[in-house]
């Protein structure tokens, strides 16, 4: 299957290229970059020299619709909404790694993304691509809204206890930490090496784009309006997300009981691993891989459950999950091309 | 004034030496190390070569009592309790950077420190040295229990709202992050470079020694039994602590009102800086200095207050605070020898 | 083909496991660890949980010889020499990632490795496994001495100009830099995070084990006794080696001419990439992959050639190269199982 | 003494502010920033909040000449040359941390700095401020050209053996490594965290601005035209330079003899420390301080001397040295305000 990637100079795109290079059913034939059309990809990313021989090209929707069956958008916010409608209208399936098609509520989109949402008819076609939740819908998707990195780590950690109605819904606190690659390749003082190295920061308290996305997913699963307190932090490392979550248990539960329940909940999901009692995963343990690892600790003193969920933000938090979604959309095994081990150390 | 430092090869000791080197009233005449007696300090710490010319010696309580007026203990847990009683009985004031004299409750000490506490009469002599809380008592202390790193960052962040009774006391959640130097110079796989670099970890959920210490301080200020949920994490950096705290506000408060209250609360404390609305401090902004910087965000959607407090774990979290305490004990200005700017970048 | 790995808790072993997991012709059936026999591998390396289900076992040469066709030794120095003779005598091919079979001169072995070398008859059977130099001999090897990390990066950079006799042989200077994983998983103050982070060190000047290995390879190719000045440094990062080499050119050569010569020299070697004029590779560009990337700069002012060669020390510098050698020994394409892209960023 | 700092938002300026804050004879009264005039310094550098209360202002040469006695230029290349002449003509002494007044040869300036040099009469007034070489001239300087970071570490390491005529002058090779803060606060992909972390790079081979500066200093001391091969590298850390230098010894010398000679050479220089035989300094050992530490190793096998010199690039490589120069210019002890210990760890 021939596919195209739009947004060729970002980290999402190169990570797609890394995984698709070894995918048995897919061939990346076009890499599209507005700012670098005419340049060889390997000039911008020298690690690809002598391996990937593709010149980046400008976007031409008409050509694209004729030449590929599926398009990945690895673009900043508020870009894909301008192009996906035309592509899907011409029968090209689209996987969008940005947030343009994730929210269902236009007002919230406006509030958090600062622009108008795409028209509701296309939102209605879009499927939110968290395979552990809605594999069936993903199979049929023409527009696949690939989840954000924080929402992936967070909702996979919270959904089992919410669905089983084990926790007070007003008590959800999410203290999230990410490596710098989540901020992309665009330059900013925040992730200038001398400012970020040997430093730890909180940012965007109360206003992060992923808040409405997390709430939308949790609300749908809980059948009740859920609001969360979400604080993102940035860690002096390149890859990795840890989401540490705090909820009040309705009734006392042992850590072991909860672990058993999580194991059961995810028993058919090859990329979710639940850790044994007493073990909390660290971000390095999923580095470079599509796993989401979850550790649990029920604090008997305070009645709170602490859930720790880790992913590689560029893999399960972006490109790996996009490929997992593509596999499902195409009827292939969802692990195809994604069975690399985490890289350690 | 002649002082001695016990625990000469640890990071607490070298950080004491760094600050005392420029202190106008103090002379470090003895550095005591059980494991390195007979070795020059500069052999173990080559950054001190040609500057500090001291041979480490073995501990002899009798000699020490004759030759110095004050002793710093920068020792691991369960060491100072064996020596401080004899020293104070001979009139030597002691500042203990370890946890041996911090807790008042012997059962909790036993539970978290794994050994018996020192006899209660010495605990009764000990003053908990958080200068922002109890400067008057510190002045008279013969045994000064220097606070732990996490408790310093955390209690400075929580006390104002607890004292003013603005928050639900059952709701306190502390998500804490530390650099690796808090783990000391002792080798362990956890802080082996190849395992810790490009990694982020949670550890000791529910069992960390600083839990009873934080609860003891908060309980005393709140006049009510306080229990906290405390999760420490370790960041791939050497220095710095951030404590991100979550509490439910009893009544709606604006961020601005709360900032004004905190500024007023700490108006006489030279080392606490409250950030303006919209600004959250990062750990690098206090690097190498004795400041504790606090940022606040009252989330109007969820009714929660987020308090972010940062310190340098080796300075305000250990040696800097010990010197601040010594200054107060000796009647000097509490900033003496501590007026270096943070190092940035 | 069933293979065993000895030295199961080291970084060399886990990196072998990572690549062999996706190798189409090989199955790792035994992982041997003296210190951890009876423990699940995933307990020591939690990133493998739910993927690799193998218990580490103690070494039994007799059993091993019956059950596997090939054994990888990922052991410290002076271990494999005690076991490989018995295995090869029973027809098991051995790939040794340690230095025990690399040197041909027993006196030098004694001087740099501190023990006696294995008997000369086994040294004579051993083939030095740098596939770019001696693919033919590797095919027949029963004992494969897998090259050291520094020697791999260094000799691949120097051999073309030495063979073509373009440089003064007395002038060779090698300034090498490595990430910390080269020091292994064993604890030491040198690679304690708080000591290594935000630090850059030179070490083992004039006495590093890789000096005689580099000289032996270069001497063999140059047909003349070669001595080098070699200074290793350690960089605050986990993976990657850069070897910066300085040689005096006999006659003036342009950078372009030399690049063309190198491209020609390595035209049949899939894992050596020569960079274009004006481009010098960085270590991240080969991260996680088996590539060795080389950049050249002929300084017309001083008549010196600067050669910069980078590898991932755990891949082309250890386990990746071991698998490349296995592929050649078994008659498979040398890239089998090694065609992952570098991970960037 | 009232002084001004021009270039208020760069790392050179904040490091000047850090040291001058505790300097007994100096008061920083003006901080000038073209791009940030009207902004509080603490808004741009929040670590200074509540400590330094200065608004940055635009440059007005006339006002400045009336109000301060000395001006520090912490500006990019090709800026100070436009302003220093007018200031010195009005009797204001200037210390220039940029390279505008370092070179004496206008052609080389043009070649490496890309613009015309300031007029020769001002160059003639300028004194190159390496206090270990020319303290007497510095005392009288009206224009002080503060040395570059690489030239400081490098020339302090090479001058003793060059002056004593112990080495072949054609053989000098300098392999230099720097932290990222040397690249300043200006954004670039090179020092974008995700690109620089876990990476090691060589850059600007053969064209770095510091080549003619190093050659000019060495030529002057050697009384013979000296050319060097200089390769800068960038390390994933914020602060620190190591210069590893290789020279051919004319006659055999033991490491001990050379160390004794260096110790004697620098016996009156408080900021140069020569390490004992067998000890090579690492960059962390001078972190945050004005020391230059030097280690030596004479390789008896190859007849080469390896010199390792480390500094903190922002202190002895920039602002600390500028203050040392100011102290000498003003007749104060050269260590005034600079006697902080290195920060370790």
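A, B, C and D label the chains in the order they appear, each numbered from 1.
Quick note on the criterion: contacts are C-beta pairs under 8 Å (C-beta built on N, C-alpha and C of every residue); 3 or more make two chains touch, one makes a residue touch a chain.
It should be emphasised that the depicted structure is a prediction, and the values quoted were computed from it without experimental measurement.
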Maximum centroid distance from chain C, chain identifier (CA atoms): B
C-D or B-C - the one linked by more C-beta pairs in contact: C-D
Option in A-D, A-B or A-C whose residue-number contact pairs overlap B-D by over half: A-C
Between chain C and chain B, distance of the C-alpha-averaged centres to the nearest whole Å: 46
Separation of chain C from chain D, taking each centre as the mean of its C-alpha atoms, in whole Å: 39
Touching two or more other chains - residues of chain C: 11, 179, 181, 194-195, 197-198, 236-239, 284, 287, 345
Of chain C, residues touching chain A in the complex: 11, 14, 17-18, 21-22, 45-52, 181, 197-198, 238-239, 273, 275, 279, 281, 284-289, 293, 339-345
Footprint of chain A on chain D - complex, ascending: 11, 179-181, 183, 185, 187-189, 191-198, 236-238
Complex contact set, residues of chain A against chain B: 171, 173, 175, 177, 179, 194-195, 197-203, 205-206, 227-229, 231, 233, 235-240, 242, 244, 246, 280, 282-284, 287, 295, 297, 299, 301-302, 304, 306, 308, 345
